[in-house]
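Labels for the chains are A, B, C, D, E and F, by order of writing; each one numbers its residues from 1.
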Amino acid sequence: MKILTLGEVLLRLTPPAGTRLADAESLSVRFGGSESNVAAALSGFGDRAVHLTALPQGEIGQAAENSLRRYGVDTRFILKREGRMGAYFYEPGASLRAGRVIYDRARSVFAETPASAYALSEALEDVAHVHVSGITPALGPHAAELTQRVLMAAKAQGCTTSFDLNYRADLWTRTAAREAFEALFPYVDLCIASSDGLDLLGIQNGGSDLAACRNGAEELKARYGFRWAALTVRESISASENRLSGVLLGETFTTSPAFSVEILDRVGGGDAFAAGLIHALLHGFGEAISFAAACNALKHTLYGDCMCVPEEEVFAVLRGDTRLRR
Amino acid sequence: MKILTLGEVLLRLTPPAGTRLADAESLSVRFGGSESNVAAALSGFGDRAVHLTALPQGEIGQAAENSLRRYGVDTRFILKREGRMGAYFYEPGASLRAGRVIYDRARSVFAETPASAYALSEALEDVAHVHVSGITPALGPHAAELTQRVLMAAKAQGCTTSFDLNYRADLWTRTAAREAFEALFPYVDLCIASSDGLDLLGIQNGGSDLAACRNGAEELKARYGFRWAALTVRESISASENRLSGVLLGETFTTSPAFSVEILDRVGGGDAFAAGLIHALLHGFGEAISFAAACNALKHTLYGDCMCVPEEEVFAVLRGDTRLRR
Amino acid sequence: MKILTLGEVLLRLTPPAGTRLADAESLSVRFGGSESNVAAALSGFGDRAVHLTALPQGEIGQAAENSLRRYGVDTRFILKREGRMGAYFYEPGASLRAGRVIYDRARSVFAETPASAYALSEALEDVAHVHVSGITPALGPHAAELTQRVLMAAKAQGCTTSFDLNYRADLWTRTAAREAFEALFPYVDLCIASSDGLDLLGIQNGGSDLAACRNGAEELKARYGFRWAALTVRESISASENRLSGVLLGETFTTSPAFSVEILDRVGGGDAFAAGLIHALLHGFGEAISFAAACNALKHTLYGDCMCVPEEEVFAVLRGDTRLRR
Amino acid sequence: MKILTLGEVLLRLTPPAGTRLADAESLSVRFGGSESNVAAALSGFGDRAVHLTALPQGEIGQAAENSLRRYGVDTRFILKREGRMGAYFYEPGASLRAGRVIYDRARSVFAETPASAYALSEALEDVAHVHVSGITPALGPHAAELTQRVLMAAKAQGCTTSFDLNYRADLWTRTAAREAFEALFPYVDLCIASSDGLDLLGIQNGGSDLAACRNGAEELKARYGFRWAALTVRESISASENRLSGVLLGETFTTSPAFSVEILDRVGGGDAFAAGLIHALLHGFGEAISFAAACNALKHTLYGDCMCVPEEEVFAVLRGDTRLRR
Amino acid sequence: MKILTLGEVLLRLTPPAGTRLADAESLSVRFGGSESNVAAALSGFGDRAVHLTALPQGEIGQAAENSLRRYGVDTRFILKREGRMGAYFYEPGASLRAGRVIYDRARSVFAETPASAYALSEALEDVAHVHVSGITPALGPHAAELTQRVLMAAKAQGCTTSFDLNYRADLWTRTAAREAFEALFPYVDLCIASSDGLDLLGIQNGGSDLAACRNGAEELKARYGFRWAALTVRESISASENRLSGVLLGETFTTSPAFSVEILDRVGGGDAFAAGLIHALLHGFGEAISFAAACNALKHTLYGDCMCVPEEEVFAVLRGDTRLRR
Amino acid sequence: MKILTLGEVLLRLTPPAGTRLADAESLSVRFGGSESNVAAALSGFGDRAVHLTALPQGEIGQAAENSLRRYGVDTRFILKREGRMGAYFYEPGASLRAGRVIYDRARSVFAETPASAYALSEALEDVAHVHVSGITPALGPHAAELTQRVLMAAKAQGCTTSFDLNYRADLWTRTAAREAFEALFPYVDLCIASSDGLDLLGIQNGGSDLAACRNGAEELKARYGFRWAALTVRESISASENRLSGVLLGETFTTSPAFSVEILDRVGGGDAFAAGLIHALLHGFGEAISFAAACNALKHTLYGDCMCVPEEEVFAVLRGDTRLRR
């Protein structure tokens, strides 16, 4: 199954566990972005993922492209242009100390590349599904226009589409975000939201009460006419332990088990959830929402933004099998 | 607020997690000492901390000074002399394996520097508070004399003072320690003790029962006439998990919440507690003992002896907010 | 007490925590093997351990020998021959993600060395106890013959013997394993089995119910006439947390406490159990099975295959003392 | 330009500089192989490189594939099968201490995969050039047959071909190698040889005297009727310093400058030479042999088997410009 | 001697030796800037260095301040404001591969802070010397205005001043740079230039011929009326080896020896030269230019932007004493 | 051949290359001492080396013992006692920056252990040769007495003996050293001296002129009646490059080639020289002095104090073969 994802790729810099950014003498380098993380996970599951973005010319952009290629993501349609790479610093939390993300992404080459620069129709060839997130339209008018063009073209050629309702408060206001999102919803089949996402739309989130979440999912689906509405549910026991689950409302309402997970890396879980859900729905898995929630949990045990593992590792999580495999 | 701390700075050498000292091929280098850890924490909170000690001439002593300067501690009154640096090896524990500290501090340059060598009156200029601990008088006659001189001079010029009742069994006997401490108590306003400290003075410690701790605090305060008596309370669930709290008896009796913390680094928590308490009392925080206990807990999630963070990070612990900050 | 262990030593390669083998850029190097791990632990307890194996000539084999010598294991009877070193990759698990071991040991120099090549009688001189495991006979006809020869010679000269009933499904069938094991049992005094081991022999394992384990131990002892039958009991809460205990049936039936342990390294726990049990039985410790189970738990907190610690560290675990030692 | 390379990919394990394998506690992980190194370099220059090999199923094989994808090599035709990964240990030399490579590649999955298992005709589609080396036929009958099939098919469809005359003495005899190579020569356009390669064929090598090398190249070209004969020339000043050059005999005879290089990584230089020469010849560069020799030299300054850099970095070496670029 | 330096501090990110940025998995973190490097070096020599800049609020800015404090630089007058930290990536060269610096400094908080925001008169109190470089005015109108204000105020209060004629081609045109520099020259006592700097002013540089350099120094001094004109001279043998020297024209013309140095870190040498020259001139060293050139050479053997060493280490370089010191 | 060595083992702590001790955040751990380095090298060559020393009880002493056992050194006669471990910091030099050793060895457990505590006669059983150095008698009266006892007992039982004339200026005066050494010389067969050693005895050293060295060796041998007098010769081109050779005067006078070596680790070369010479003389190698000088050079290319390699690696240096070995 060929799937196109669209969004910025950021340089991620992380100090060692237990070390504050203010004290770090070395930083590990990864590249991540909500949508490219989805692409890497889909590639691991065996789908053909194509990622669309713009990167700076030269070694830093090459490093980002390499990181995607490594996971089998098709990078042929990525633009290389003069400009800077967006970046973020991720300081992992621990126990009662919260983790932290500090962005340095303003005026990145992706934000400053006009939508017309991309070879959209070639990139969309043979594509069955398109995935975007709420971060991209927040990055500025070019990225917003690109998001809309991609979704419209996808629908026009019969793709299914998904939208992860990520809201980044440092990028725009709640009002602007809601307005922008609602303009895109007509082109979206699967909408994925966390409790923050529901809040943004003025829909009551159900916290970690899956039954109460049903109401939220129903309102989300009904109000905007999505084919599927999915909610990720996170209970934060501490910065080192979360309980993760999800609900999905399509023709029926299904819920996942709750996975209690010790956190090795807090970033990218929602993207793993989205990838798991897309993969499970497109391939007709019986328990799509459970597969998605298990992806979310599994990602938290792996270092870096990206989880690129075969399906079987997710099924092992679903089986709850944690014995050493020989 | 200008605060002077006095005490030895040690070279701390630590193997990687899970590796015994007997197997280590590399050691991380930090510098720490009960009182200089307090200075670094106070500096992080915005106080002007001056640390008084003696260090060996040459690169090793320079490394120690650099580590203090890094955190904004004023090192102008530190002496540099011929001699050796005290050191300790810290092997972190894990789960049911206890951590371990091995000292190699005998005959350090600090222990062998006479009290008369320090420029005490210049160092104390404009100082509002002086902090010492029970380790310093244990290091030998020079250090004991210096402790007394500093406390007396502090009181003479109207400073408030604090004393952390640290007892190091490898340095002297319980009898000698108690006698020395009691000779200093007349110059102390705030006395901080753990259950070990109370034991040394023959006061019943209340374990982790905060109500029972009140009795200990009352006897401590009453017997020696301190303005404030504070107790740090530690329940050791395992080498990886502790529950930390504290009580403070000043004009009223207050208790902190108990913070359950996964331990990333076991050393320096009591010093963070002391710094938090001093800072909170001097700046008139409403919940001084809670601020102090939160400092103790937060320190356990940070690598190294020193916690040098802005106040806001402590308040976040008090709020129990462990969600990822973006 | 001089003890001989026999078995293959493998090169162990491990990625950093949280990193999959597919993503690793560096691997830590250790050497391990079920029986040589026992030798290292015994040496730590003060016994004289002699290990018998074959290693490749050249630097890789030298590295393996160095790793044993480091722990005081006598390597004089190890053969160095043309051939390859067996190896395995260990990817640590975390939380709900299982750990994994990938073997690459086929046709190793140990598997291809004929039993007649070893100086058995010299190696067995003054030996009081011999330890082997079920892995060695699985490695091929040479290793199987060697196992038998060593056990027979040991009994002939009056040594006690122990056998760890390790079954490796990638090496042979259950039928072949059971047959081979049963042929060796007449020469075995102490038989150590996990629940997998009992299953192989068609004996009902008692799970984590120590009372039910008694039945298994009784059947194991009675059926084969062992002097001691011991079971290791592992409850897998998650890949990061296990509960470990054991039972021993000799003249009486004894059980250990259950140790709940956070796992830093999952490999080698059973070997530490075996070493602890052998040491405790040979030296007449009152609570042999508790010492053994504490060894198992303690090993899980130490990085690498080998635990080489003084007895006192095991006793500290038995006392449940996890406070920082200064 | 689409180019197919064929050959085994090995796991490469390297201790830190200055550390012997017998002392190493960690090994860096790279993947390399003579022909896949050529593929990675060609991809860096902008060619479309397809690599053909067989890898083990599971994570280790995935790691190898990831390492190729990272550099943009097309891995679609790589087989994944049950079996083991070939590996080698590389201990870097320094100054008067020679470096060392220890192979552990016997019975790898590549060596044991029959030629018929590959989708040769699909893999060769649109391919303009095919590159193989003398290592592949040495790996056993399957690999030898595969080499022949690929070269014959390439010629049949009008591709140009290149052959790097690598001789590995641990894999076969000189007689067997020469016989096998000569059977392949009719299908080879460009033959690349070091002095060892010439020796194998009984042709006098010219050492580092480029004029004398001309005779060797002329005999090589004339005897076997190659379109191009190229020689790599290496003078070993020490394990840390080599002088590298090359000669090419096509329609005319050309020589490169000699590049004196401090060696950061000794492995893969010949592969970079081959890639540079293929690229330069296929794209009609004026100074093909200089480009190739500069690639060889540049590779020695980069860690790992693979050099994947843009053309411009090679041209900078040719210009001799070593000033810091801002 | 109290000395004020003014300029941007950048986050410096560096891959391990031999690894291209496009391949790096971790980056070492240092902070550097031409002028703050001078401050750190002066502090090492015992001068009181005050650095003036603006840093982002929060942890990244704190890390930068910590790095300066570590070396004893007075950071009291540094502003903390909303904004981003300028950064650069430094890929070390080796042998015939040139090193590379990639800047990402546009719109940094320093560039966007108006000159009026700084407490110039407080910062200049008791200052004897002010040092700036040609980078600062290139960063934009605010920084240019600040440079001018600082130099004018310095002269007005009788300080001596120095100017390092750094030209960064990515920041502005040669014409703009020359114009801006010439506007500042009336306030400059000591002008330091490399051959690039002379070129910018249209003065013939003498390459590595110190006699020919004299002409350049004479024209520089005469044309602009400097009290001292100094030239740094670098011959680039390779990216790993440079020959470094310098000339100084004050009342007399003096030249340094040429130091042949193997390069461990290529960045910051010119700043060490400037610091050495300022220190030597202000303290009346006899061989100021030799001290400066030795600083330049010594810096190349130390990792990071900053050299903070006692004078004695520079004198040892001047003596040519490279024997191990015990 | 069984050989006993006697002397202190020190904890060696080293920062990464290019990092000053004052800036180091981690230190690599090795253990070394002039005489135990000799033991490790001899063990590598196949001799049976027994080392005599005293180590602190506990983990640090255990780490030291492990490091010797790793190299096959017999540690059975090492005492474990209360006390501290001597240590030293080694900051590697580079190019024109000299390396540096900072000792912290005063009052170590070895220095404070009386000679009578050792089981000398058991340790000397079957020993053919005894090696000591001039460091041991410098450590205090206990160590001096021990040195004398060991040498006298060795001669009494017919061993040959060697003495490395190491002089450590921080430990005692030249006069005291000379007096102590001369008292030991009657028991010494082979005396090894550097130019410093000759200076101490008032013998003119020949610098790097091997002919002139002959005079020094002749005077040394004649004056004290040694069987062999050997001189190590070091020309320090820079901190990164030395030229190393040696001369030996026994029945005849022989000289080694001069080995130009790039220095990876500067410490322990003289000990490798001593080990090579002892091994070559005891085993009757034809070119003993060349073997010794090659050992010295080879050691400089290996990280750590100890060189433990097979003879063959030294012969490769003698052959000057620096090509990659496959």
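The working rule: a residue touches a chain if its C-beta (ideal position, glycine included) is under 8 Å from a C-beta of that chain, and two chains touch if they have at least 3 such contacts.
Keep in mind that what you see is a predicted model, and the values were worked out from it rather than measured.
J.: Listed by label, which chains are in contact with chain D and with chain E?
T.: Under the touch definition, chain D and chain E have A, F as mutual neighbours.
J.: Computing the C-alpha centre of each chain, which chain sits at the greatest distance from chain B?
T.: With centres defined by C-alpha atoms, farthest from chain B sits D.
J.: Hey, which chain ends up farthest from chain C, C-alpha centres compared?
T.: E
J.: Compare the contact pairs of E-F with those of each option in C-D, D-E or B-E, and report the one where over half match by residue number.
T.: Checking each pair in C-D, D-E or B-E, only one repeats E-F, namely D-E.
J.: Measuring from the mean C-alpha position of chain A to the mean C-alpha position of chain E, what distance in angstrom results?
T.: A distance of 44 Å separates the two centres.
J.: How big is the gap, in whole Å, between where the Cα atoms of chain C centre and where those of chain E centre?
T.: About 61 Å, centre to centre.
J.: By residue number and range, which residues of chain B touch two or more other chains?
T.: Those would be 20, 22-23, 25, 66, 100.
J.: In graph terms, with chains as vertices and touches as edges, which category applies: line, ring, star, complete, or other?
T.: It is other, because the touches fit no line, ring, star or complete pattern.
J.: Where do chains touch, given as pairs?
T.: Going through each pair of chains, those in contact are A-B, A-C, A-D, A-E, B-C, B-E, B-F, C-D, C-F, D-E, D-F, E-F.
J.: Report the residues of chain F in contact with chain E in the complex, numbered from low to high.
T.: 16-20, 22-23, 93-101, 103, 168-170, 236-240, 266-267
J.: Note which residues of chain F are touching chain C in the complex, please.
T.: My answer: residues 66-67, 69-72.
J.: So in the complex, the part of chain A that touches chain E is made up of which residues?
T.: Residues 13, 20-29, 58-60, 62-63, 66, 84-85, 89, 91, 100, 102, 104, 106-107.
J.: In their complex, what parts of chain F are in touch with chain D?
T.: 259-262, 264-265, 297-298, 300-304, 308-309, 313, 316-317, 320-326
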